[in-house]
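Common to both upcoming complexes is subunit A, partnered first by subunit B, then by subunit C.
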Partner chain A sequence: MAVVNGARVAAEIEIAALGKVFGQGEAAFHALKNINLKIATGEFFTLLGPSGCGKTTLLRVIAGFEQPSTGALAINGRQVAGQGPNKRPVNTVFQSYALFPHMTVAQNIGFGLKMLGKPRSEIDATVAEMLRLVRMEALAERRPSEISGGQQQRVALARALAPRPRVLLLDEPLSALDLKLRKEMQGELKRLQTETGITFVFVTHDQEEALTMSDRIAVMSAGRILQLGSPDEIYNAPVDRFVADFIGETNFLTLPVAGVSGDQAHLDLPGGTSAPARLPAGLAAAPGSSVTAVIRPEQAEIAPAEGADLTAEVESATFFGTDTHLHLRLSDGQPFILRRQNRPGQPPIAPGTRLGLVLAPGALQVLRD
Partner chain B sequence: MSERGAFSVTRIPGFGLIAITTFVLLYLPIVILVIFSFNEGLSQSVWEGFSLRWYEAAFANRQVRDVSIRSLWLAGVAAGLATVLATLAVLGTTRVGRFRGQTMIYALINQPLMVPEIVTGIALLIFVASIKVQTGYTGMGYLVAAHTAFCIPFAYLPIRARLETLDPALEMAAADLYASPVQAFRHITLPLMVPGILAGFMLGFVISLDTVVITEFVKSAGQDTLPTYMLGQLRRTITPEMNAIATLFLLLSLVIVTAFFLITRTRGR
Partner chain C sequence: MGGNGWKWLLCAPALVVLVLAASGPLVIVAIYSFLSPGNMGGVTWEFSTEAWFRVFFRRDIFEPDLVTWNTANLAIFWRSVWLSIQTTVICAVLGFPTAWFIATRSPRSRPFWLFLITIPFWTNLLIRTFAIQEMIRNNGTINTVLLWSGLIEQPLQMLFTDFAILLGMAYVFLPLMVLPLYAAMDKMNLSLIEAGYDLYGSRGAVLWHIILPLVKPGFIAGSILVFIPAIGAYVTPRVLGGGQSLMLGNLIALQFGQGRNWPLGSALAMLMLIVVVVALVIYLRTVGRSDGERRV
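Then we have the complex of A and B:
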């Protein structure tokens, strides 16, 4: 069983205390450290993290190209330790696509079924269905070298989907595409996932892609999973400095703890008022100590100075089209970025202006640090 | 000197002259050989009119036919065996990751490229002679073995070049799509290696066809190949029949080498 965004569902992939070490002795490199993960059937699950954090390695372990050094991995309830990639009900869309250059598009798509020993008629029917699914019917007889990058991408997808795997692994499948095509393929991927109901494990280092497409996201850094949650949780309630910093833009404030009740802390704000903030699970913040809290730039609003949570002075403003970023200095000297929606006829705010700020309820999140 | 652009060797004074001299030295003797293969008379220096009589003589010559067939047969068998062995050697040395002594293995496989042919020839002569004494066997086996060993590096190099350009992700993709290691090799690796294997075979074939020294030292009586036969004939009087044979031999080599380039260029993509 996996718990996904509060609901209990069947676990497709269960990873427990998994580690991966490359090399030995002095040269040993821990690419994955104590990974614990349950991915639910039919979930769109994303591994997000900077280059070198171990995303591909984790995918390769799931696919069977690498064996874990420690820990356990089960797919569909069955331990797969020691099984080669050809024995696992898992298919991969490679970052380089890895289409077979000497086969046509149709032969590429049918390869998995052929290896499974399916009869000719079934292969032909599935290939036709897959071609339709990725809208490549017209190019079935072309070679991979005779189609565009976006089309190769679709063929790679179709080839991996054709054997109806339980899990589809996608390693940055969109990173080679230009922006417009990438947006289009994001929608396409989401549609395919919904239509087929196959569990997707998707790797990206593009946070926007992760936020828009995923049911859940695991943010990784240096071989560890730092936070696991829905896009909303990852964005609005980051529990880790790295996660908060990696995703979107955010304000870090160092604030003293006034008091704690349950999973809520009350933090003293520079202006003398106090505000509630969420505490990460398991963190005990002692009253009187200082913690780091984060708040997104769009979660504060300009208000009259009297009765405001915070007061600040405008240092500079950057125009972004839909909004303007105001670079503020709080009364205790900490920097604060405020995102202000642009509206016609709205008077510009000049540097030097003093403002009051009201924080959205529940906007403050304490980090584990 | 031009003010813009990189250094160009073509602007060195005398470059054209050197180039022309080189080409003349390369091709003129061969052109003359070919021309006099069509000479009506016996002379190698006085043109006496066009004729195909020396070609007719060459084709009518039983010995020429025999040694030509032996040469082609030997080259085919030796290049075939060498290609199989070289393919296995390539798979054993490039698809297994780095290992200790890898460079050493490369050097050992490529022995015939480094050891002077005459040294190999003499070594083989002594070696083969002692086996002949021990076993009494005097068949073509010695020539086949010697040519095969000699051809291996020439087959090995193009096959290895081809395999090294193969994306390892292709084999991973095959395994991911439920192919067993044998199936992945059979359906992905091997078909993609075919251009390299063909090129290796052809190169080996030409090399075997060409080699004189090794054959000369290893052959038993009545095992002349075309080159050793020609060498033997030259010790007697030279008639334009030899020119005709040489021209045909040249043509065969050209055809194979051209095919080699076409294969490596068009199928190699």
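Then we have the complex of A and C:
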């Protein structure tokens, strides 16, 4: 059983204390370190992290292209150590698509079923269904070299879906597409996942893509999973400095702890007031000590100086169309970025202006550090 | 149009070389095959189809009207084609794993392995062929070792057999198969193989459905590079095949030497050319046809 966003569901993939080492001795490189992960059936699960953090390696371990150096991996409740990729109910959509250049679109899509020894009639029926699913009926007899990048991407998807795998692994499948096509394919992928009910493990280094598409996200860095949670948790309650920094824009504030009650801390703000902040699980912050807390730029609002949580002076303003970023300096000298929604007729705020700020309730999150 | 004329002029040196070096000798050989032999070699300028006649037929010495097929020539022809086909197949079978081995080494060590493949080219062909002769002679290295170890009682007759010719030719021509195969494999995207495994292909299925079709251009280039020189091979059958096991190259050389029949030699050479071209066309038609990547 895996717990996903509070609900208990059957685990499709179970990874325990998994590590992967490339090379030996002096040259040994730990690409994955102590990965623990349960992915639920039918979940859209995303691995998010910067280049070189081990996303592809983890995906290749699940697919069976690499064997783990330590730890255990179970798919659908069965240990798969030592099993080759052709023995696992898992298919991959490769980053480079890896379509077979000597086969037509239809032959590419039917390849997996052919290898499984399915009868001709069943293969033809499934291929036709897949072509319809990815809207490629008209191009079934073309070769991969004769279709566009976005179309190749859809064929790669159809080819991996055709054998009805339990799990689909997608390694940055959209990174080669331009922005417009990318948005379109994001919707398409989500639709396919809902329609087929297949578990998706999706790799990306695009945080926006991860936030919009996923049921849950694992943020990785240097071979480790730093935080695992729903997009909302990852965005609004990052427990790790790297996670907070990697996803979106955020303000880091160093603040003294006034008191602790349960998983809440009260932090002293520069203006003399105090505000509640969430503590990460297992972190004991001693009153009097300093912690790092984060708050998103849109979680504070301009208010009259009296009764405000904070006061700050405007240093500069950057116009972004839908909103303006105000670069502020708090009364104790710490920088603070405020995102202010642009409205017609709203007077501009000049540098040097002094402002009061109120923080949205529950907006402050303490980091594990 | 004037500009175009200038461009053609720039091609002139290449055209001259092509005409003189490639077509020129060919035309001379073609003409010679329709002339009469001179007494001391060479030709006399008299039109005659006798040379072409003698390629295929034989006149009885006593009754010139009695014409039979020249089975000796035809047998040598067939032998040459057959030995060359075998050589090509042997080179393909040995060359594929060799090229695969090199293509799967780390990029840094590949030049080293390719260098090893080309080392034989550094030594004269004749010397290498005599080295093989030395090894497979009745009292050569291999037989000495086998006799000494007690595995055989009598020396094995290897020299002056078709086996010796095949061994020699496969050895000489193997690099010509390995290099184009390697080039084809090097171009291949390795994730295609992973995709094959991922889609439930066994090792054999991936080899058959993915790797072989993708390196087929390498096989085709390698086969051409091996088959053409093999069919005209001279040194190898001469040194390793001995007097009895002639191949086409030796038969042709014989007509220009002891035989003193240049027109017959020329006709045989022309026929060899025709055989090679026909063989290539048939080969490309059958093997090259399903090569969908090239045909749009």
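Here are some notes:
Simple rule for what comes next: the second predicted complex is superposed on the first by the 369 of 369 C-alpha atoms of A that agree within 3 Å, B and C clash if a C-alpha of one lies under 4 Å from a C-alpha of the other, contacts with A are read in each partner's own complex, and residues count from 1 in each chain.
Please note the rule applied: contacts are C-beta pairs under 8 Å (C-beta built on N, C-alpha and C of every residue); 3 or more make two chains touch, one makes a residue touch a chain.
These numbers were taken from a predicted model, which means no experiment stands behind them.
Considered on the superposed subunit A, subunit B and subunit C are sterically incompatible, since they clash. When the two complexes are overlaid on their common chain A, residue A:Q299 makes contact with neither subunit B nor subunit C.
Of the two partner chains placed by the overlay, only subunit C lies in contact with A:R143; subunit B stays clear of it.
By the touch criterion defined above, A:Q193 reaches neither subunit B nor subunit C.
In the superposed model, A:A98 makes contact with both subunit B and subunit C. With the complexes overlaid on chain A C-alpha atoms, the stretch of subunit C that clashes with subunit B is 181-189, out of 1-9, 145-153 or 181-189.
Residues 63-65, 84-86, 90-92, 94, 96, 98-102, 111-112, 115-116, 145, 159-160, 163 of subunit A are contacted both by subunit B in one complex and by subunit C in the other.
Across the interface of their complex, subunit A is touched by residues 167, 169-170, 172-180, 183, 187-188, 191-192, 269 of subunit B.
Here subunit C touches subunit A in the complex through residues 189, 191-192, 194-202, 205, 209-210, 213-214, 291-293, 296, going by the rule given at the top.
For subunit A in complex with subunit B, the residues that touch the partner chain are 63-65, 84-86, 90-92, 94, 96, 98-102, 111-112, 115-116, 145, 159-160, 163. Those residues of subunit A that touch subunit C in the shared complex are 63-65, 84-86, 90-92, 94, 96, 98-104, 111-112, 115-116, 143, 145-146, 159-160, 163.
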